[in-house]
C-alpha cells in the first residue's frame, strides 16, 4: 500500500493503527447539527452499531441523508424515535409511520423536515458530491413537483433537471469485509448507497462485520478504498429486518 | 439468472447460447462510418483480437472513442495505420507519432480529425452516456481552450463546464473473465474505460481472456453485467506493450 | 380480488419477451413472474442492487444480506450481479431495463402517470418510481380499472405527476390499452365486459383498435 | 542534469506528509518517491486505475495487466485497489488526492499553469493533467527554473492554459516558491544561488518571505 519506508508511521486518519476504535470513539466528533450520510436500503446495509452509538451520544438537530427512514427500531428509525433528526433527505419514508407523526407534531422542537428526492437522483447527487462534479442533468422529475425551483436545461432535444451534489460532515458505512486500512467490500444488497457516501463525507466511519489484514482482499474486488475511511469499528452483525 | 421457466429459450443478443462467436462474426455488423468505443489505456485493456478483426474487415471512416491512440502496432494504433479512422476522440495521442502524420497529411481521405478531451471528462462523458444523464458539470477545463463553445454554469460560488454524454454504435471491450451470459471482470489496470463503454454502446463485444460458465463468477465481484453484452469472443491474450 | 389481480398479472406476463430485463413494482406487478409463458425467461432487476433476482427466500434459509426493493428476503439466480445504487439507477435511467411494471393512482390520455401522492395522506416518497418510468424502455401500468368505482384512467391527471408522457400500456381486469400520440387505444377487452362497460369505467375517451380482441 | 533533477525531487519529497495520497507525473515527479524522509510513507494513485501503486516491476516478473499511467509495468503494494477510469477521476476531481506533482512549460504569478501545448509542435493531449491540477488538494510544480535560459515563471502565461489559478508551490533547482493571492513568494533559496540570481531567472516579480531559508 505504502510507497517509501517499509514501516508506515502512524498518522491520524490515514495509516492503519489508529483507524480501529470503539463505536463511541468513532462518533465522538459528531456534534449537534451535523449532516450525516447513512448507508443502506430499508436498513439492509445500515451500520446498526454506529447508529446505536449515535443514539447513546444523544446529539440532536441532525440532518440525515439516507435512502429511507428505516423502520421503527432499525436503521435511522432509531434516531427518529429518539428525536435526534431535524431534517431527513430520503427517497422513501412510507414504511416508517413515525415519519408522519414527527412531521405533523405540534411540538416545534420535535418537528421533522422531510425532503424527498427520487432514488436515482439521490444516489447520483451523493456520487457527484464525492466525485467533485458541480451537478448533473437528469430526465427524472421533469414536469413534476420535483422540478420546482430547479434549472431546466435543454440538451439535444430533451429537457433535463440540473441536480446538485450532496456532501456531508460524516458518513456511517456498513462494510461486510474491511481491512485495517479501510478497504471495504459489501455482501449482496448491503452495498446500496455505501460506496458513494464513503466518498462524499469529510469523516467516514465503517461499521465492519469482519476486519482482516491489509492485503487479504483481492485488489480487483475492493469496492471502497481505504483512503476514504477514517475510523473502523468492528462487531457489526447480520440483522433481521 | 433467469426468472420463469428453467430452460431459457435462445434469443439473439440476450440469452447465452448465441453470444459466443468468432471475432469476424462479432464485428460483422460494423459498417463504414460507425462510431466505436474501444476500452483500454495505452492498449492495456484493449481487445486486440477484436481490433484485428476490424482491420481484416477494412471498414473505413470510423469515429473511434478511446483514451488514447495506442502505439503503432497495438490497440487502435492498428486501425490508424490501416487508414480506417476518420475521427479520434481521445485524451492523449502523444505516444503514437502516426497521429501527427495523419493529422497533417495532404491526402484528404487519409486525414485524421483528432478531438482531445481531458481524461476525467472523457471517462465521465462515457459514463453519462450509459447512465442516461444529459450531461454533468465539471471544474476541469474552465478558463482553457477546452471551454470553447461550452456552457459555463455557476453553482454555489464556482464555475463549471457543462459536458455532454457520449454514446456509440459499438463498444469493443476486453474482459479478463467473462461468463457465457457476458458478466465480466477485469484484472489489474485493464479495467480503465471498459465498464463505462460497455454501458454506452448499442452493440457490445467482449474479447475475453477466459470464458466460464454462468454462476462461476461471484455476484459480488462482477463488474460489467451480461445484460450489456451482445457478443463474446474467446482467445484474447495477455499482450506485451 | 385475488382473481382479478391474477388475471391482470397473467396478461401483463404476455407482454414480456424472452431475455427481457424487467423491474417489477411491489404488489400486483411482482405476481407477473408467476405467469410467464413457457419458454420465456426474464432477468429481474431490483433497484436496490440486483441483476438476476430469483424467487423469495425459503423460510429459515434467508440470507439477511440479500433483500429486494420491498425489503423481503430473496434469492439470486446463477449469473446474478450485485451493484450500488448509482450503478443501479444508471442501468435504469440509461434505458437498459426493457420493461417496468407498476401500479398507478391515475393515468391520463397523454401517458402522464400519478402514483405517489394522495392529498391529505402521508406522502411515502417516490422511491425509485420516477427514475424507473422515465428510464425503462416500456412502461406498463398494471392496476384495477377503477378505485371503488372512481375513474383512474383520465383525460388529465388530477394528482401530482410521477412523470409526464411515459406510460406505454395500461392493463386492467377489463382489458388492454395502449397510449398513443392520439390518445388511449383499446386493443383487448376481457370476457364479461362490453365496450360500453370499459368506456363507462374510463374518463378518457377510448379509441377502438380495428383489431380489437374480445376474450 | 541528473543531479539537478534529484535535488528537485528530494526537496519535493519533504512536502509530503505521512499517509498522503499522491499522484506523480511522468519523469522527474516519479523520482520523488525515492527521496521520502524516514518514517514518511505515501499512497500512490495512478490515474489509469490504481490506489497503492508500488515500485516498477522487475524485469522478467512483469504482470502485463498492471501498468502505470506511463504504460510501464509496475507492482502494487498490499492493500492496493484497482478501479475504472470514471472512479479514478472521481477520486481526483473529488479532492481525495492530497498532492499532485508535475512539470510545467510555464507557471505564472496567478497560479496559472501551462504544460500541454507547445506552438508549432505536435499536441500530445492533456491526458489526466487538467483534472489532476483542478482536483488535487495541493499542486506542486517540479521543474528546472528556466528552459535553456528562457523564463518559465512568468507574470502571465503565454501558452494555452492547462488550468487557471491552481498552482500552490513551485520547486526548482534554485529554490522553493509559494503562489499566494499577492503573487509568488520565495521561501527557500538553494546553495550557490543569490536572490538576484533567482529573480533574474524569473519574469514574475518575487516577494521575499520574511523567513527566507538559505541553504
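To keep things simple, chains are lettered A, B, C and D as they appear, and every chain counts its residues starting from 1.
Here is the rule we go by: a contact is a pair of C-beta atoms (placed from the backbone, for glycine too) under 8 Å apart; a residue touches a chain by one contact, two chains touch by 3 or more.
Keep in mind that this is a model prediction, so the values were computed, not measured.
Of the two chain pairs considered here, B-C and B-D, the higher C-beta contact count falls to B-D. Distance from the chain A centre to the chain B centre is 32 Å, each centre being the mean of its Cα atoms. Multi-chain contact residues of chain D (touching two or more other chains): 82-83, 89, 92-93, 135. Touching two or more other chains at once are residues 124, 127, 131-133, 138-139, 186-188, 219-220 of chain B.
Because contacts link the chains in a way that matches no line, ring, star or complete pattern, their graph is best described as other.
Contact annotation for chain pairs lists A-B, A-C, A-D, B-C, B-D, with touch applied as defined. Contacts from chain B toward chain A in the complex involve residues 124, 128, 131-139, 153, 155-156, 158, 160, 162, 164, 185-188, 219-221.
Taken in their complex, chain B has these residues touching chain C: 1-5, 8-9, 11, 13-15, 127, 129-133, 179, 181, 183, 199-200, 214-215, 219-220, 222, 225-228. Across the interface of their complex, chain C is touched by residues 41-44, 67-68, 71, 90-95, 97, 99-100, 116, 118-124, 126-127, 138-146, 176, 186-196, 223, 238-241 of chain A. Here chain D touches chain B in the complex through residues 46-50, 63-69, 71, 73, 82-86, 88-89, 92-93, 122-131, 134-135, 160-165, going by the rule given at the top. Contact residues on chain D toward chain A in their complex (touch as defined above): 17-21, 33, 36, 38-44, 51-55, 76-83, 89-96, 135.
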